[in-house]
Amino acid sequence: MIENRPVLDFITYLVLILGIIIIAFPIWVMFVGASHDGIRMLQVPIPLLPGDQFFQNLKETLLGSGLEGTSTAPVWLMLLNSLAMALSISIGKIAISLLSAFAIVYFRFPFKMFFFWMIFITLMLPVEVRILPTFEVVADLGMLNSYVGLSIPLIASATATFMFRQMFMTIPDELLESARLDGAGPMKFFFDFLIPLSRTNIAALFVVLFIYGWNQYLWPLLITTDRSKYTIVMSIKQMIEAAEQTPEWHIIMMTSLLAMLPPILVVLTMQKLFVKGLIESEK
Amino acid sequence: MANVSLKNVKKVYPGNVTAIKGVSLDIADGEFVVLVGPSGCGKSTLLRMIAGLEKIDDGEVFIANQVVNEKEPSERDIAMVFQNYALYPHMSVYNNMAYGLKNRKVPKEKIDQLVKEAAKTLELEGLLERKPKALSGGQRQRVAMGRAIVREPKLFLFDEPLSNLDAQLRAQMRVDIRKLQRQLRVTSIFVTHDQIEAMTVGDRLAVLNNGELEQIGTPMEVYSKPASEFVASFIGSPRINLVSGEVKAGSLHVDGFELPGFSQISDQPVKVGIRPEDFVLESTAKMSLQIDLVEELGSDELLYCVSPTGLDYRIRRPGGSGHKVGENITVSVISEKLHLFSSQSGKRLN
Amino acid sequence: MIENRPVLDFITYLVLILGIIIIAFPIWVMFVGASHDGIRMLQVPIPLLPGDQFFQNLKETLLGSGLEGTSTAPVWLMLLNSLAMALSISIGKIAISLLSAFAIVYFRFPFKMFFFWMIFITLMLPVEVRILPTFEVVADLGMLNSYVGLSIPLIASATATFMFRQMFMTIPDELLESARLDGAGPMKFFFDFLIPLSRTNIAALFVVLFIYGWNQYLWPLLITTDRSKYTIVMSIKQMIEAAEQTPEWHIIMMTSLLAMLPPILVVLTMQKLFVKGLIESEK
Amino acid sequence: MANVSLKNVKKVYPGNVTAIKGVSLDIADGEFVVLVGPSGCGKSTLLRMIAGLEKIDDGEVFIANQVVNEKEPSERDIAMVFQNYALYPHMSVYNNMAYGLKNRKVPKEKIDQLVKEAAKTLELEGLLERKPKALSGGQRQRVAMGRAIVREPKLFLFDEPLSNLDAQLRAQMRVDIRKLQRQLRVTSIFVTHDQIEAMTVGDRLAVLNNGELEQIGTPMEVYSKPASEFVASFIGSPRINLVSGEVKAGSLHVDGFELPGFSQISDQPVKVGIRPEDFVLESTAKMSLQIDLVEELGSDELLYCVSPTGLDYRIRRPGGSGHKVGENITVSVISEKLHLFSSQSGKRLN
């Protein structure tokens, strides 16, 4: 590779160190904040070392209704709602994408190109862009305030279809032909070959989609009016607003720590497959 | 084990491109036939039509005297070895070999027995638990062979199975495949673009060009009596010398010489083919050539020569003769060793 | 490829046709709604053919302040704000990602793996996950209610870095070596080779990131309190709420049509490169 | 144009793997040297060290009598043709050739003139505006050559430039490269794993094995007097026959025979090498072999034979001899044609 050049090196380091400060430091502040009591958090300077109130705060946050005086659901219920939404979105998207990529790559059917472009359009116009008409449809179908309404419209998108299409295209035709000679029909090929061969891609996609689903804000805000269907990310804006009146920073910090936790857990458990799926160069 | 028969088989691609222009071919039970030709000649397409991986647009393919045009590939009872081996990357060697048998609902113990036998034949016993990516090129090739033989099919199809191996391994596998086929006696069709492989691996050789069968015969028939200018220039290394000439009143006029004794050929312009090894070096010969380049191949050497009229000739001689660039030599060729082809059709005349 | 099977075919069609109904029909309804006057839109049934008030509505929406009685900025200003944000995010992300992918792939420097993983973490924890601490940092730096505050935190993420890393990995080493023999230094290689070779990838990424930036909701909502910095997507929720009191559906429909337009325009202009960048199989 | 000199050059990879174990080599001005060896022998690494693409861990590389160890590749004034050609995919053929000159700040008119000259030499004139992906394999190869010659460097480096071409084109380009080098008289180093290419393209041949230089000499020297068992088996196709034997009291004992006349060799176990073409078929000869397989190559044929003691021999004969599998033949070899190697070191003994 290219030799070292001192000036370029310096710039590289600078950029990277700045990146760390912007990303890592606030997370530390958040963790520290979640481990002190409410009074300490109002004193200046803000503490930079963890306190001893972590589990006390955890209990208070999880079982209480978040901040006093706000009208959100209890945090444990919001976590559950978020989890249900994130899981339905990620699993639903992966299942549909796998099937449609399979259809596009391996089947010849009339108007194939037409359908291909229809799928393509959803990629160009994600749900946020057409959020109003989508809201209308969901409302008309009576799916407001339901898990189905929360997840279905976000499932119908094509990003993942394209990823699987790309993946399937790299599978040599001879593999399919060899499988056919070995007596494997289309569905057998799908389950015996495509799914196992896409393993790392599925894992990587699951992580990305779970985080995507977890972080949805605008859509849940639109379609949930019932407190019991609120998601955790929805509470954050409300808490910041509430903080202006009752600055219970220890609870706010703990809530946002809890909101961060599931994505991190998913990343950590899937990490090996995820990294493989992202990094793996095609052989 | 079965005979295979193609009857005027055609393949037309969209846009009316005829890839296979009516090929008829009979392969006897247990025979080993090689399909050879340059890339794009349709040899792989023909093989894939026999396998059922390409639709047959016209004509009929018989396997064991049954028309198989409409049969699924898996119902034709054939096994195929692909150029890139097409091993299943997520399965162990054992499962690669067993997968086809499992789909045929062969009982587990029987599968186990068949796979182990095949592994023994191909010396793969220590590798059964490995994944394909942990194997060397030669081992992968043998796994692909194993996957083919374990099913005990009626017909083996080989689609350039040796082209990803290095030269020494290729020479070795060539001999191994030949011996294995002799031992199993399964009818086999082998596609290659390599003329040395084509000459050595099979019982008969079918030379394809441009979707048409140019010649079929034993390797020596094809080499010593090429049916067309194309076959003459494709088979044989170093390449045959091809010079333009003319037959006039029973005599061949070529490069300034007149050779009598071609009275059976009507007057016409011809192409004259001379194999590089058919030149005889004699001090009294008529033809005088100047050496332009000498390639020493060890056991042989190849002299690139120019005639006084500016034509190029390749002459093959035993190695170590000490010929130098710039030297003049005199050579002759006996008339029986000349190959004459029509300038129009390219077909053999003598 | 695999032969046709009637049952599979039927299912494929069903899924695809359902997809079209869910996506295409509401967009039509929206367009129709935007072309009628306010009174017609309140009558039952909802019109299914376009009316003649399109340009009237357009003028009213663009130059007015959206819905009467709401406290949002004029729509043209919101469009401008959205555009500024979307462009800074997409261009900033592409520039930073290209440079960091270049550093990761082609330079050897100490702690390379450490920095690699730091970048990786931003991929696992997108801005939404760490939104609260990020808000804190931005507020402390006095970047609330500014374009810089709107875009910088969203720029610092690594998805695109990975994409470019993957792309650069497919460039054969011999190309770099040949360029070195031809006297090209690192920066010359970057500009003469990596940028032109990533052309389609840059275009595809630009489209995706523009849409991503355009559709940001939660983050602008948090950091803008000044009306003049509101983005167009922020107005949608407010309009729906407002619609309960003053159901000016023709204005709502026109606003959401306008909100959809820039992403669509970007997609259409970049379409050829975009499709190439997404579809292109590595040779 | 310059001489090149390697002085005890070494390459050590992380983990103390020594890829190049001290190679010394002198290449005269204008000479064409081929580095040949099996994959992994270090031949490409050595070439890349000369190019400056790999660090030299020990020893010195001289180009035109100057140490270049610390020089950037672009400062060494060399041109390299890569195996995959490494053409710049986003630039036209013209710009591919002009890019290096532009970076050297050559004036525009001069660039234009040089590129057009090179294009003429290589018959690329009609293709200057095309992108590399619109070219055939052979054309790409010529563009890569053009990019090298347009810079008029001191030294050409070729890293297996012909391995992506088909057999006929390869034979053609081999001759073309040789003629071009003769014409330009630029010192050249050519890396290949193909022993036929190695024999024919260069003036001298350097055989590498396992990071060490096994032999250097003209092709005929290397073929007729291989310095080690490795060189004997690597150079020459079909492969040399290698049989274990023993020298005892001046006589060679091999496969049941005793041959006198090896008194200059001390008593030790040896490997005996016999080239397949060095067998003489005589009805009165002592050695009786049974034919196991016949490969007909047209002009030649290769007999795979088994001796009564079970040893395999490959014998090369002129084509069309009509030998059949199962037939018994008697052969002899004259003692001067035997190659004897030490069983321990593999070095040549006679």
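Letters A, B, C and D mark the chains in the order given here, with residues in each chain numbered from 1 onward.
We adopt the following convention: a contact is a pair of C-beta atoms (placed from the backbone, for glycine too) under 8 Å apart; a residue touches a chain by one contact, two chains touch by 3 or more.
All of these numbers come straight from a predicted model, not from anything done at the bench.
Centre to centre, using the average C-alpha position, subunit A and subunit D are separated by 57 Å. Each chain gets one centre point, the mean of its Cα atoms, and the points for subunit B and subunit D are 26 Å apart. The distance from the centre of subunit A to the centre of subunit C, with each centre set as the mean of the Cα atoms, comes to 16 Å. Counting partners per residue, subunit C has 180 as the residues that reach two or more other chains. Taken pairwise by the contact criterion, the protein chains form one closed cycle in which every chain touches exactly two others. By the definition given earlier, chain contacts exist for A-B, A-C, B-D, C-D. By the touch criterion given at the top, residues 38-39, 166-168, 171, 174-175, 178-179, 193-196, 199-200, 219-220, 223-224, 235-239, 275-277, 293, 295-299, 302, 304, 316, 318-320 of subunit D touch subunit B in their complex. In the complex of the two chains, the subunit D residues touching subunit C come out as 48, 51, 53, 72-74, 78-80, 82-84, 86, 88-90, 99-100, 103-104, 133, 147. Subunit C makes touch with subunit A in their complex at residues 1-2, 4-5, 8-9, 12-13, 15-16, 19-20, 22-27, 29-30, 96, 99-100, 103, 105-109, 115, 118-122, 124-126, 128-137, 153, 156, 162, 166, 169-170, 176, 180, 185-186, 189, 207, 211, 214-215, 217-218, 221-222, 233, 236-237, 240, 252-253, 256, 259-260, 263-264, 267, 275, 278-279, 281-282. Interface of subunit C with subunit D (complex): residues 172, 174-175, 177-184, 188, 192-193, 196-197, 199, 283.
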